[in-house]
């Protein structure tokens, strides 16, 4: 069966998908991503991580706030009344990376995958911003949906 | 010479770096990133790419608009009067990816790296949003600064 | 029976009307409007209209995004969880105009007329912005509600 | 001489026009527009117009605030540091209309036509919003640029 | 019984509190605050207060609009679909102050205390802004929640 | 000499003051304010203050971000390109309060008093939000400008 793009209608117009006939259900989405950096940069972050003014704390808030701004950023996203957003960042010395996980919940007619992915992206950008004077070569990657449940399309997971 | 985090002051406070003594200079930043996807998903995008309502056109606009919202998204970014933003997206069948390039310009006291990176991130998220019904396994990666010039720290390039 | 202004209370205070006792019902609003221009300007738009980068595609997105920003723009509008927004633009050579139609849906305690009208307005402004270097004399007009249903006041239509 | 669309580049990409090489000059733009309504609706507005809580006062503020939000609303508009915004609304019994005039000023590399037009549009939408319970048949029209000066393209006026 | 901070989890992460298991109930919050000023400044406000263009009218709208922006301003606040916002300002010659009261309502899973407090704060700041050329020594104070009902924690009142 | 309200013109229209003829000068504003609370609440904050996830760190970021949003919040404020924002919060056991200081800088045609006051207000509201489950009786007060320099009106200080 051919898959198709749900955000473009038969006439070629971009549309915000009509969810008015969908039931409001409890939905969860979890996204992950990473910021890869020089070992020395990770060390700068890691030595502060349990103190006031840490990079990870600022990035975490940026992620939470971005989840709330998702419909402003992604043109065809529905506005949703998020009931929960959590963002966690951990340092991984082995991979010389900061790993980010965002979890969003809503009871509504549409999912919150984009909210979780936007939270991860904004948190990653904030890590970059705060460390860029030390390391302009950092890379943001592996941003993906790792779990989604609730809604007609059922449960999705990937590593 | 030890590098340090410019966004955290001696007392551990997060700060918006004081740029009031910097001269206003012409600054450019170029960032890149990619959305990796199933071959069938790329084909869905590629067959529309020169028509009205294409995914890439929507993502491009999302990128341009996000560049303007950067100080709202990234907590310690300065507001800047962007003089130019361009975002380009190309399909790469070999890597089964959409590659995104954003270029931002400003004449000001601070650079526009974050604006370029935010544009790439929002464009990538929009590609994800528009194709997610067909392919939830897409990954966003390789988001990085590839060029920066103007300002005291001089020219930076990476591939 | 004398009609009155619902947004001004007995003391002369502007108020966001209290809808807390209204039931949540399915509501639809359709608004229309036009951008009138020189024939040569319309031709510039029309020759691109099925291609990538068309004026109408950018204006359409601007309309959809503005619908979501309505409570930020119109001081006494309620925030609403839009379940659908569509914006369509067509070229009319006879009237030398671009005609815009926006349709908004919500299940809620208040209507979405302002969202539909804001979408039409932003799409019209975007057509103006993109063509202004060619034609500063364009006029935006005929912005009106053409249909409204759901809610206590019942169904409204006009041409 | 053929005119062209400045916001679409040779490859068909929508772009925020590069103004980085333009000098910063003093620029003014004046836009006008009207809300046409039933005589009884105009009377409702007119009898309050010098009192607290008047429709015109709310609409005026909405116009001023919308001018500042223009780059958020119009996808390819530059952010500008507006140095002045004024919005005036007058009742016209003969035409059964409220006429709106917005004047914007900036010293910058790009004009403020869109800011003036956005201010008029938001003020008109606000008049509609505040009177819609009394008169859903109102029409917004005649939105146009009436004056523009400063910048390379010189002075433009129309009635 | 020890009270604790609900917005910080066991690992020290700031979180948007998970309200997904709470029932949607009718909630009201009332907040108050004052702007204290020189007698001459209050007179400037008071003589205009029933006319067009009054300081109190502008401040009132600023308060209503700020209530809607609360989740953008307060990092860990939930987005809520406010069903009513009213803001009232009165002049108090005896205390040489403007007193502000904001009332917010919602039917939802979380309260609207922050919305009411944000409305009071923005209205107070706007009074300051409009009078600051006459009196830079004004003080904003006594911002507090005076009533809250709905929700698990029950009714709260203070003077 | 009679002082007057600069934001209301001769016709009674609220206006964004025209600063187009003012020179761009270096300007600084410092504002202060406090959140008064129960001793037990202050202790909850104080014991975390040097750790990750502290209330003061979240409030500080909220203040910095609010400074950037000032023109969205205060209707007649000019958009400004802030060159520096710092927000500091300290615990005062004697007064059972958190004291907040915000400092804003800009090189521009208009001052940044409102930005500093908005930063203090948002930081104070965030302290309230994060501690409200423990103490709904907190009060926000003493919000005032303590220093202002640059611009025609000269230097202003108060305690």
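Here the chain labels run A, B, C, D, E and F in written order, and each chain numbers its own residues starting at 1.
Keep this in mind: contacts are C-beta pairs under 8 Å (C-beta built on N, C-alpha and C of every residue); 3 or more make two chains touch, one makes a residue touch a chain.
No experiment lies behind these values; they were computed from the predicted model shown.
Visitor: Keeping to the contact definition above, tell me which chains border both chain B and chain D.
Guide: Chains that touch both chain B and chain D, as defined above, are C, F.
Visitor: Have a look at A-B, B-D or A-F and name the one that copies the D-E interface, over half of its contact pairs being the same.
Guide: Having compared contact pairs by residue number, the answer is A-F.
Visitor: Quick one: compare the interface residues of chain B with those of chain C and tell me same or different, with half as the dividing line.
Guide: Homomeric contact, same residues on both sides for the most part.
Visitor: Would you mind pulling out the distance in Å between where the CA atoms of chain A average out and where those of chain D do?
Guide: Centre-to-centre distance between chain A and chain D: 36 Å.
Visitor: If you average the CA atoms of chain E and of chain F, how many Å lie between those two points?
Guide: Centres of chain E and chain F (C-alpha means) sit 15 Å apart.
Visitor: With chain centres defined as C-alpha means, what is the inter-centre distance between chain B and chain F in Å?
Guide: 31
Visitor: Could you check chain A for residues that touch two or more other chains and list them?
Guide: Within chain A, residues 9, 11-14, 50-54, 57-58, 61, 65, 69, 72, 75-76, 79-81 contact more than one other chain.
Visitor: Using the definition of touching given at the top, classify the network of chains in this structure as line, ring, star, complete or other.
Guide: Graph shape, chains as nodes and touching pairs as edges: none of the named types, so other.
Visitor: Write out all the pairs of touching chains, ordered by chain label.
Guide: Inter-chain contacts occur between A-B, A-C, A-E, A-F, B-C, B-D, B-F, C-D, C-E, D-E, D-F, E-F.
Visitor: Which residues of chain B touch chain F once you look at their complex with the stated criterion?
Guide: Spelled out, the residues of chain B in touch with chain F are 9, 11-20, 71-72, 75-76, 78-81, 108-109.
Visitor: What does chain E use to touch chain F in their complex?
Guide: Listed in rising order, the residues are 3-9, 11-14, 33, 40-41, 44-45, 48, 51-55, 58, 61-62, 65-66, 69, 72-77, 113-114, 117-118, 121-122, 124-126, 128-145, 148, 153, 156, 158.
Visitor: Which residues of chain B touch chain D once you look at their complex with the stated criterion?
Guide: 26, 50, 57, 60-61, 64-65, 68-69, 79-88, 105-107
Visitor: Provide the residue numbers of chain C that touch chain B in the complex, in ascending order.
Guide: Its residues touching chain B are 49-54, 56-58, 61, 65.
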